[in-house]
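Next up: some structures, all given as structure tokens.
In the two complexes below, chain A is the common chain; its partner is chain B in one and chain C in the other.
Coming up: the complex of A and B.
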């Protein structure tokens, strides 16, 4: 298939294809980090993860409208305000949900699946009633649109770069929180042994609430960033949920490093396959590979060693 | 000033009525007929036990107002309600006001079938305006055929179907595709095409027809591929397109994927206003542009039968009435207009037949003409599809299309195109 092209063209395409893979990787990391915290550290199967992301997207939409109406001169930086607000709003909703619903279900992890699925339906219908059934268009500041032409053929999408930087930033932030902060220590302690953690004086209730809130908040930031590359509608969250769980489960629940490794391998496999095969076939082959590997290694790529 | 349905029995009366009515009537989209119910006794116009009384007739509206498809189907519901309101304001059908029972298909195909059965069996509705996806239509089809109902189906679709119990008010695939490809070949000198679609029956069938036609013209298809519904990452295919350098990207991507595709296309440096390559789509109406954002799709071409920006008196009145009923920020896409035709076509058929009986309405339907349609004159073909024009619009940054081409004549519907299978 490459016979007709010059060396220069091929190099350019491979460079861009590599980039496409990295962008996909960043998207997967952003989608999965929030869930990795909630599912991995708390064992809660949060089916409403996609809806939390879309809440972040709607917050971005509202902030962009506010800026456009009241402070148009600052429109070019509204996105940062929107992301911060998306984190706060989704995080707050997450903490409320934890208090109202999730905390009653810690002893019944499978029931969280049903409960959060119900929550996702409720949230979808709320979005539909508030924002209308149609997708909303979020206007993005001009400087974030378009691409940087590196050579004649190689062009780098700016929003892709933005997503990459964000993914790296949030990963580092979460790493620091998880492994260098008191909260992280407490979360990991609870994850290992809830009763003992409580006995040594860790406020497990509050830590759980905070953890769930942070997980949801990260989802909100991801949703906010995705307004650049995807759609914002009541059911758009459903587009991400399958891939998100795929990444987290494949990486090994409980391991943040695993989540990143799995996002990397799935995104690279998918983007390379997509280039050589058609889109649907690429997806089928990626899923088959993941199923195959999970059959051999049910605990995922990386698993925490726990004393049972 | 011939703004009534041609086949109305009281044509002359209504002509006089409008002359007398003068300015006040010019504001209404369609002429009042002033048919009186007592001239059409209920026993005579309804011999099959439909929900018809001396002053009302009940129809069904069956769309998804919840679930994934609500995004698309909301416009159709709004258009159908507007048409029913307008018909009632003019005195209804055979002197009877239309009442409607609305059911929610909930984006779930078995639910559609169940609700269709409820409308036909429990409510005895005289006709149903409804469905959007082909999957929902296929699900209700056996119900309509078993209980002899009449469905007015608004969406452009893949064709390959012709039921005595369905009137298809949208285009079948050849009506939407062939004229568009001819146009892009002739006007833009296109010679190579890259076909792209979401992975289900409509894009696949449409691209099959497109490919046949492209190859018949002696031109080249340099790539064809499909992505799962809901796919959100198109960077790889965009790279492939850049490598193959087609003259035309022929895109039939739907739903949330649509938004992702156009945003990423723009981000990858493909500026559609430069028309190299030209982007031609049959799946993006003004409705979809709201989600995509006008600035992300500016310069793309769409092939449809209706655009909100069409300049004719019918359309101006339709757009004004639609916005008055549903709000100024509404946009109207191709399917919404086709849905609007449903109640009017049904009314015309009922009045031509002088009866609500489904069999008589079916018999009366072929040949029904609407001069008042927003898209312009349309006519029902014996194969239950509509004769209509094909148009090409160029997307503008404000989310509207500028019409750049329309076929000189109505295009004959051909749901079973020979040589295109």
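Coming up: the complex of A and C.
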């Protein structure tokens, strides 16, 4: 399969596909981080995670239209406003969902799965009614268009770079939140022993709600970032949910580092395979490998010591 | 209600419940509906096979599989491959560049039948494959997972991923599988035209009889020691293990049984509806099948049948007239059935209606007011 290409072309292919893989990696990381918080720390399966992402994307879409119509001179920075707003809106919805639904189901994880699936159907239909069934795209500010030529064969798109930078930034922010803030300490304490955490004075109910909200808010930011590289439709969230769950489970639930490592390996494998096989076969092979490894090593790549 | 009798296979109450369901399926529906609608209900009943399997796996065993569509689809595809080969005789396909192979293969520039299609020339081998292929597949999944004590949420996610993989594979390999359209234009079964009204009526009854066979098998499992062990495992897996039982092998068995039920349902789907496509394999149908079971009551095999009929009937009715409302309604149904009615229709029946009827019977013993449908 390599015979038709010269050495230089092969390097360029690997570099370009590797870079495409890095963008995919950033996307996976953004998607999976929110889920890693919710699933890894709280043990809640949120099947509506994809719809929260799409909500972030739609918020970005609305903000971009708003800026284009009313304050066109500030259009080049609308994205940062949109991202903050996406975080707030999806986070607030997440906290509401936790209050209305999830908190009653903490003892029944499988039922949470079904209930959040129902929520995802409702959200999809709402998006379809409000924004229409067609996919919408946002207009990207000028400075994000185009690409940087590295050599004459290798070019990197700027919006892809931007998504990568964003993924790194959010990963660091979450690391700081989880391991350097009071909230993070409380979340980890509750994860280890809920009753004792409550006994030492942590407001477990509020922490749960905040955690769920932050997880959903990160999903919203991820959705916001998506609008930079693709368009958004009402059912787009459902396409990502299986990938995202596999990324989190493959990395080892509860381990942020594991999530990032598994997002990296899955995305690189998929995008490099994609060049040589058809896209669907690349995906099948990657997913099969992941499922196969999970069957042999159910605790995932980076397993925390678990106690039942 | 079910656990009281230890020796009898079937208590009088259960016998009545089975009899009412049988009356509904074999007498009321065929008399009330025309062939088109009856065929539609036959299609719904094929999903009931899956729901009954889920009652055993999920309700009794605590194993939630989000990939039952895989087994439904494998069973259905096995049947569809046989029917497709029968429909693709060299005479029928004379206009193709390679006569004698299914039309979608010809469209995708495939010139010879792949080797794994060959066994489906034989009806006997097909019947074996319908059960064997999904069961072996289920066995591999279950063996790998349950031996390593993976369960609960992880099992659900992995089965869901498998459903996604199989769908992508079927759609991607359209030269071998018919792709996103599936295997269509099926005509005859061993020379018997399955598209006529008469054939559809007969298939409906065959389907009903098979469903009852599965219901009785499921009932037998529930009543046996295995059934009680399953419930014990669901509630306290470690204790069952420490009592010396091999937990994994029971789980593997019940998962394979559920897969076999689903496969029969899939094969009957192909026969009655006349096609098989990846839209019945993927994540969405798989999780919808779980909701059929949940609505009927995850602990009740009879409830599962009513749940399937009711949800599908509602789906057809609503999505015909108000397509926007249907998804909202389905979503709300998911949430409501989980949060407010975890035992589904069977729970409502047991808590609200059955006590009243019992009261009615004890007051006036001569009354013959049998309950119309336990589902309401």
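Details
In the analysis below, the second predicted complex is superposed on the first by the 297 of 308 C-alpha atoms of A that agree within 3 Å, B and C clash if a C-alpha of one lies under 4 Å from a C-alpha of the other, contacts with A are read in each partner's own complex, and residues count from 1 in each chain.
Here is the rule we go by: contacts are C-beta pairs under 8 Å (C-beta built on N, C-alpha and C of every residue); 3 or more make two chains touch, one makes a residue touch a chain.
In this text the structure is predicted, and so the values were computed from the model without any measurement.
In the overlay built on the shared chain, the residue A:180 is in contact with neither chain B nor chain C. Of the two partner chains, chain B is the only one touched by A:24; chain C is not.
Shared-chain residue A:125: touches chain B and chain C both.
With both structures placed on the common chain, the touch criterion links A:117 to chain C but leaves chain B unconnected.
Shared-chain residue A:278: touches chain B and chain C both. Once chain A of one complex is fitted onto chain A of the other, the partner contacts of A:287 are limited to chain C, with no touch recorded for chain B. When the two structures are aligned on the shared chain, A:105 is found in touch with chain C, with no touch to chain B. Chain A uses residues 125, 128, 238, 278-280, 283 to touch chain B in one structure and chain C in the other.
Those residues of chain C lying in contact with chain A across their complex are 58, 64, 66, 141, 144-145, 148-150, 152-154, 156-158, 160-162, 164-165, 168-169, 171-172, 283-284, 287, 290-291, 294, 324, 327-328, 330-335, 337-339, 342.
Residues of chain A touching chain B in their complex: 5, 9, 13, 16-17, 19-20, 23-24, 27, 125, 128, 132-139, 145-147, 149, 153, 155, 157-160, 228-236, 238-240, 270-271, 274-275, 278-280, 282-283.
Those residues of chain A that touch chain C in the shared complex are 43, 45, 101, 104-105, 108-115, 117-126, 128-129, 238, 242, 245-246, 249, 278-281, 283-284, 287-288, 290-291, 294-296, 298. Considering their complex, residues 65-68, 70-71, 74, 199, 224-228, 230-233, 235-240, 242-243, 256-260, 263-264, 266-269, 287-295, 399 of chain B touch chain A.
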